[in-house]
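Chains here go by letter, A, B, C and D, matching the order in which they are written, and residues are numbered from 1 within each.
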């Protein structure tokens, strides 16, 4: 690189780094505030400003949130609800991903009359506000005998998650050449053989996307969790809500923040560890789709 | 596993098969929104008492928005044909549920325990549908309280105001000294709580009842109501600019720290002071909201009892109702919650001075007609009308140039449209 | 007996107005190499997919060894196909790619192993067997794709433009390879291409398609020398045949036509007698580059030859010969000249026309006028 | 030709008739569960809601039809008007700003930045949080007495003022801020991955032609990222409509009802105020608006794809 160019580039590079780092700060501040607050004492929170470091560091917020805070008549923290959330999220994520994969496969490689219409209607399904469906869904689940059971809740999450998973898989599979399917058909492979032996092994990136997206959505969901779970199998978001919200009680913000962090931990870990697969997979579909 | 078990139990119930082990024990599923602090402790005491009687307590806690989330859940469960045994339902909503045929009569228990004698008629009326108890009251909150930081008052050299005019006088002096006169959180229900107190002061109990219980248009659409709005506007002018969205307990914290001098809030605010280690009469004062001494706006928490099919569960449900009104529970619960027992025959010796004062006023106002249901907490009117009033009041409170006359018209038409 | 009989094959895509295939009739003999050639959109790929069973036909029937396969699923037709994009399974190794079809058909493991080895030897891809397709070059992928087809030993092989993704040199090599392979194995092949040279070099017979209709079916020589119509004449051969519309005249010497060079010089060319009925009428003269050359290159004992001096507009040396462009009747006409006797552009050259091999078309029907 | 005789005999041809028709039905069979649950769970329930919007259902659903009365009431409601215009304002700003920030950060991050992986993760993590957490934190930060303003005052900048959260005219913009904070990093990541897929010879070619870098990005690269725009808009619109949680956590619709969104209004009327008919009517109008805005967009994008 010549001197002329270097002189021309330097200030703009500084500006770029400046903007990027400033953005980092903006994105990080809320997390920092949550962390700092979770280590403060309630008195400290009342008197000091948000970004001030705690005067005495204390983990009481965390231990309380984990094992002592009340979420109803039980005062055993949120730890028990963690497991509940997994019990709900894991099957819901897996089923909706599998269904989405099948749908995407059919809608891209086995198009039938009305396939496009079905896809369009699925897409529109992404935009239905969930508040609308609470009552009819409750009635339906009641009729099915699945009201306030974990299978019922899983069904709800699958219903409202399958639109997105289908979208992901369909866009991904559209980019895979049809010739591959034709070759497999001539090789004698049937519908399922092609799917499980040919397409699925190629789908790792988009499976990651679907898993991460669905896990985040379902883990973070409150509305369905609170309405369709039964009392003792409530997911962690409901526990968090019960812990944080108080109609006429005292607020302990350090406990609230620690509980919020605990509740967010699985999704945060997923994003930090698997975030790059997520992005890779999402674009793998959209780029060519 | 648990859900599987539920299925089997449901199956067993529908087939009318009695489980051999559960001769006397039933289970109660209780929907409530007491999830934290003293409330949760109080609810836990209830659970313990039920378990001592051999019943199973299935906790179903949904906090948030003063029970809004819980109501959503309850409606969904009712629609799905799977309601809990008891649900924390307030005020006129009890009647709405009863009208739809969801609730069960508690007459046996009520007769047995002589509820009509224990509970003031004003409150028992709310608990009844077609003359029969369908819900059981748990406690009585007084909404028209003024919480005061005495240090601030002393420094400025003013006394706790007893009328609105005094309040304005005191507030001006406080403001001049750099204090926030009135701590407040700008949320619709808090706006309405202050409005509630101002309305009671301006209208008096009788017109208050006419306006907010009977929806008498002569009172609602009147000069008096215009004056209520005008006074409300003036009270709100002593609130700092940053009140919007603030939680009530944050406002209470402002009073504790001496940043603000007073707060108009129900007696649950006491729990906040207690938690901070403050003693009533010394670190903080409780006084009737200005202009409402001797009057009492009540907010009653209650459990409505849903129709169940299993006999053992019904028995557990009745036991729950009975237990709630037991003196031990009343004392334990209300000490934790800041409210007073719903039974008028209780010994108040173990309660603090604010609660004792509250009980005195409760009983005296119950006799002289100063006892009114709080519209801001859903005791006076349906949720629909309450919502309409909230919209008008909160819009008025957040308006750049509030117009009492126009707002009075809006209030009248809002209530009219919802009736 | 024909290995594959296509009887009046028709195909209309759902929602489309026009038929994509308008009644195709072709018989392919056992061991025959048939190429389907035509411009893009002519229906050749659709026809191929239909044979494979990947597209359902809307009319007609397909018979293989006497069995009607029209309604069969692809896997039951016992047909293998090599795709333009190779369509190798990206997550499978070369070995697994080749073995996949055998595995699905339930062949015993040992047999599969043997078959894979055999095919790999045949195609010289043994060292690649454990690699993933993404690590292979285009030519190697092509071989694997063929290997996959060969391993199945199907009744019929379909090739869908298998060489079009390769660079020019490799394409010629692979072409030869395919030809060798066919000569060795004597398999029945239907081969789709848009490249007429590929079609000519490989085929036992060529089927030329346009707009869903079979234009001509014949050996490469037939198609080249006696094209049925203007389209086939223009499509086959490179540089392609030049077309000049002109009138048949009768003179003392016999039938003739007159062409005019770029400088206005006129040249009379003799034409065969079978055009007697066309005297005074307009026809289209189709003349291939090799029909115009230096006098040395044309055997002058033929009766129908004529020569004249014409201006060369452009020269394109190809190595063995030079393609020159002259203008006749305002139309660019290609001639194939001897590279040993170079001509320069802009100069006049003495050129001889061999009118024995030229063809004539009826301007109205565009069909070749046959000698009767 | 001897090998042809050894053809594997495992080819199942016996039951081909039945197997074939099964094969033909399989694709439809496989999507059938989805069609069923979507058909009921979305379209069936939409229909149900539509029916209820013509009734006077209050506390629980009833079927006493009152025609268009609920819609008429809705149109008169000041609060509904605020809520609808808020959605337009919020949705437009949210999607627009997210795209802008996402594109800019992606382009900047695409300039061979050190520690790119770490920075990317920092931009992306807010997407992992639930909106309730986001809303709570931002409420603190933007609250003048607790958050940013107080901090600035504590640090000596006493004239600093930022009271949008408590100002009815500006509160809706704070919702936009929090939502943008949550989703813009995600959009950035989408675009970054899209940029990585762009053929770098385009940039080289354009530079040879003398185009400046901004021009290259604006005129050449961004237009080629159309599919990424499509994905982003899909995800953002989805989030915008689901911002119910965010509003509830940040302002609960306040001050007054200045930050009401249709979803909040619908929820409040249906569940809190027991006006199911009215709530259903508002849901239908909201769905209608989404339909009117999104469907043409989806349609044009998907058509485009089919032509490629």
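Everything below uses one rule, namely that a contact is a pair of C-beta atoms (placed from the backbone, for glycine too) under 8 Å apart; a residue touches a chain by one contact, two chains touch by 3 or more.
Please read these numbers as outputs of a predicted model, since none were measured by experiment.
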item: Of A-B and A-C, pair with higher C-beta contact tally; value: A-B
item: Most centrally placed chain, judged by C-alpha centres; value: D
item: From chain C, the most remote chain by mean C-alpha position; value: B
item: Centroid distance [mean C-alpha coordinates] between chain C and chain A, Å; value: 56
item: Intercentroid distance (Cα basis), chain D paired with chain C, Å; value: 54
item: Centroid spacing, where centroids are CA-atom means, of chain B and chain C in whole angstrom; value: 90
item: Distance between chain centroids, defined by C-alpha means - chain A, chain B (Å); value: 37
item: Touching two or more other chains - residues of chain C; value: 73, 75, 105
item: Sequence positions of chain B contacting 2 or more other chains; value: 65, 72, 75, 79, 250
item: Contacts with 2+ other chains: residues of chain D; value: 11, 23, 61, 146, 267, 271
item: Of all residues in chain B, those that touch chain D in their complex; value: 65, 68, 71-72, 75, 78-79, 93, 96-97, 100, 186-188, 240-246, 250, 382-384, 386-387, 391, 394-395, 397-399, 417
item: Chain B-touching residues of chain A, taken from the complex the two chains share; value: 46-47, 69-75, 134-135, 137-139, 141-142, 145, 147-151, 226-228, 230-233, 238, 241-251
item: Contacting residues of chain D [partner chain B, same complex]; value: 58-61, 73, 78-79, 139, 143-146, 163, 165-168, 171, 248, 250-258, 267-269, 271-275
item: Of all residues in chain D, those that touch chain A in their complex; value: 11, 23, 26-28, 30-31, 33-35, 37-38, 40-46, 48-49, 61, 101, 104-105, 108-109, 111, 113, 117, 119-134, 136-138, 140-141, 146-148, 150-151, 154, 181, 185, 189-190, 192-194, 196-197, 227-228, 230-231, 234, 237-238, 241-242, 244-245, 262-263, 266-267, 270-271, 276, 283, 286-287, 290-291, 294-295, 298-299, 302, 305
item: Complex contact set, residues of chain B against chain A; value: 2-3, 6-7, 10, 29, 32-41, 43-44, 46-47, 57-67, 69, 72-73, 75-77, 79-82, 84, 141, 247, 249-250, 253, 257, 266, 268, 271-272, 275, 337-338
